[in-house]
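First the structure, then my questions, so here it is.
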Amino acid sequence: MSETSAPLSIPWLVKRQNDALLWTLLAGLAILPLLVSSPNLIRLLFMTFLWVTTSVAWNLIGGFAGQVSFGFAVFYGIGAYTTALAMNAGVNPWSAFLGSAITAAVASLIVGLPTFRLRGPYFAIATIGISEAVRVVMTNLSFTGGASGYRIVEHCAFRQLEHYYAALVLAFIAAAISIFISRTRFGLGLNAIRQDEDAAADLGVNPFAYKLGSHALAAALTGMAGGVFARYAAFIHPQGVFGFHTSVHILLMPVIGGIATVWGPVLGGVVFGIVEEEIIASFPEIHLLIYGALLILIILAEPGGILGAFRKLYRRLHGKHAG
Amino acid sequence: MENTRANTPILEVENLTKNFGGIAAVKDISFEVREGQIFGCIGPNGAGKTTLFSLIAGALKPSSGRVRSRGQDITGVKPFRLVRAGIARTHQIVRPFREMTVLENVKLASYFGGETPPGAEAAERHAMENLAWFGLDRFAQRPASILSVGLQKRLEIARAMATNPSLLLCDEICGGLTHVETAAMLDLLRRIREKGTTVMYVEHDVKAIAAVCDRIMVLNYGKKLSEGTPDHIQSDAAVIEAYLGHPPVKGEKSE
Amino acid sequence: MTLIDFVNLVISALLLAGIYAVMSVGMTVIYGVMKIVNLAHAGFMMMGAYLALELFERFHLDPILAALVVFPVMFVVGRTIHWLLARWLPSSDQPTLPSLLLMFGLWLVLQNLGYLIWGNTDRSIYTSHTLSILRFGSVTISSVRLVVFIAAVACMGIIQIILNHTWFGRSVRALIQNRYAGQIVGVDAEKTASVTFGLGIAFAGLAGALLASLYSFNPDFGRPFLIRAFVIIVLGGLESISGVAIGALVLAFVETFSILIVPAGYQLAISYGLLVLVLIFLPGGIAALTAKVHRLA
């Protein structure tokens, strides 16, 4: 998207010429564990990569397409439990992750088919209802352990780096998909749907199909993130992976970082991952409070999030140009 | 040239009816639009023009009746499918995508308006050509929100035309325009007809319709009141009565 | 199931409907006038509950009476919040994403303030009346529930009176139907919105205080009630006060009688499921359904 149409992007970051920067970043993150040996840092980065994944994923449907879901934890949880069940049944982790993507995508169709004809807040409310319903059911389902949770038993040693690279690759795939979509016809169509669904349809865009498509992509990525998390944690329970606060986190990150942009969700995921891990350690009760206050501040002061604030600053420093 | 093209009805409406509650907003309307025409539809407020328009454009489902295009039944078909069938529409209150550039607004139509989606460069080229034809190319990289209302209306038409329609449905595009702007808009419609696209034009302003249409249909109270050439309509006693509220005084024409 | 059991269940459902109605009315009125979906509703209910708790523990004020104190306090709170936050939202005749996110943020803040101040252990209010039961023949009714029900019905009655017989009520109804037209005929939209918001929050707090006398609660207790409130107002047609009563009755009866079919743990899932079903199949609520039947007849 050109500079003016992605009003909240940092122009020099989305130009194709700067893809090289991204590859450099990826390489840097890939080599990092070999240079620094701090299990805490690796764990922090691992969680950050997962958050970046869910953040970018949610943004595909909630940002690009404008369909704000308050219940994305349902796909995270489905992915988590799919991987857990599959691995305990003997499936290798990588196939399990793929399985998580598939079950989450299928679930997204089941959710989307009836709900995507709802507009705005009705859709948001429906997603809360669905996610909570699934959580309650899972809490009562005995064969997955119910409220007591479910354990993954892996008959090999815990290799932290394997998890690190899995999460890194996943985050990279998510970001790549997001960048790719923003540059193609699909992205333009989603953008049109976000701004004015009916006008988009009047020009030949099939809103229903497009919403379902981006929803499925978003769910698949989120499901995989849930699966990767499940394997790492080796123990999951409905209150956590299906929890409402998980849906909250997933949606907070892109909003804080800059909704409907390519890099906003990444920024949001990074900020969230780092801050979350630090805050949770020191002030366990306050972190949601801070996020709530931040959300209010963002909505009232700078709806474009951190990225939006950066862009305004950038404009002010460089003077107005091309628009 | 006119005669051979004018033999295929590009739009056939048959006994179209729409009920809201107990009231028939549109009752039993039938007409044909032939290829290469500018076909106008007028009527006093509440006559059912907007409802008829919405029915044809796929925004409303009819209670009964059929709509056909070149033999293909398109009754109640979803808007995006109508575009594939070669029918595009504009909106009475313009709806540009404000957060996109003017070029992207049209590029969207180029991408999605055809049978097979073009590549990125082809779509961009097609969009730029379209903008140039409509005289909007100097705004290509500006956000659509900065255009004046008159230019936004032109963008609306440009966008719809970028889907390469064979039939363009225009909904009161002269609303709120000055005399000069109206004349320019009507001229645009004539150029669109010359280019090969049939136009069906729903309008409130009788003068505008009379100036540009080949054939006009008059609605009143949801029913078809009259149909014919502009001259015929303007001297039709029933039409005059509908607009002025009384039977025509000798020599009076509906203005 | 014997007749007595059935009667008991029906009465249970009715009493529940009363409290559900009061709980939802606040949300409806805010949505109708300002088109804001008040996700923070649960937070204000929580505030009401904890206020009642404090009043009970410090001043030994009976929770039902505490509710009377909570109402005006929450009214002031509501108007303050409107002045601080809600009035900056762009007004629209459609609910907007910013309003949704703003109220959501507010809910997070309220809920976690609650955790900070009162911790996350369950609290409850036990008075000498809590366990008393009234008997009418073989039919048993918890007296607290009955009093709460009467209070709830009184509230609904008061709202109806306000809406239908006061100048303010007429302004509210005008804004609900058409904000722009209302302003043209002289309704002060800003002031009316502010007072309406205050009222909506006041009713949320009141409901919370009443609920506190019935159930144990923690700062998160608002959430299942929030979802129930959604079900109710969507069932009722989202902008109609009388619709709220219908929605409350439907939900209360479905919940009460579903105990016969599903194990207790799944009960919440039934409410959530009902919400989704209603949104999908009855977007206009039952009001739209009855209107349609009326037209066809």
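Should a chain be cited, it is by its letter among A, B and C, assigned in written order, with residues numbered from 1 in that chain.
Rule of thumb we're sticking to: contacts are C-beta pairs under 8 Å (C-beta built on N, C-alpha and C of every residue); 3 or more make two chains touch, one makes a residue touch a chain.
Remember, predicted model here, so these are calculated numbers, not experimental data.
Enquirer: Show me the overlap between the contact partners of chain A and those of chain B.
Expert: Neighbours common to chain A and chain B are absent.
Enquirer: Max contacts between which two chains?
Expert: A-C
Enquirer: Determine, using the mean of C-alpha atoms as each chain's centre, which chain is farthest from chain B.
Expert: C
Enquirer: Suppose each chain is reduced to the average of its Cα coordinates; what separation in Å results between chain A and chain B?
Expert: So the centre of chain A lies 43 Å away from the centre of chain B.
Enquirer: Between chain B and chain C, what's the gap in Å when you average each chain's C-alpha atoms?
Expert: Inter-chain centre distance comes to 48 Å.
Enquirer: Chain A to chain C: how many Å between their CA centres?
Expert: That gives a centre separation of 33 Å.
Enquirer: Could you pull out the residues of chain A that touch at least 2 other chains?
Expert: none
Enquirer: Can you list the residues on chain A that touch chain B in the complex?
Expert: Interface residues on chain A, with respect to chain B: 1-2, 4-5, 7, 184-185, 188-189, 191-192, 195-196, 198-207, 322-323.
Enquirer: Applying the document's contact rule, which stretches of chain C touch chain A when the two form their complex?
Expert: Residue list for chain C touching chain A: 37, 85, 88, 94-98, 100-102, 104-113, 115-116, 223, 227, 230, 234, 263, 265-266, 268-269, 272-273, 275-276, 279-280, 283.
Enquirer: For the complex, which residues does chain A have touching chain C?
Expert: Where chain A meets chain C, its residues are 66, 68, 70, 114-115, 117-118, 120-122, 124-126, 128-130, 132-133, 136-137, 139-140, 244, 248, 255, 285-286, 288-289, 291-296, 299-300, 303.
Enquirer: Residue numbers of chain B touching chain A in their complex, please.
Expert: Result: residues 57, 59, 78-80, 83-84, 88-89, 91, 95, 97-101, 103-104, 107-109, 111-114, 117, 120, 123, 141-143, 159-160, 163 of chain B touch chain A.
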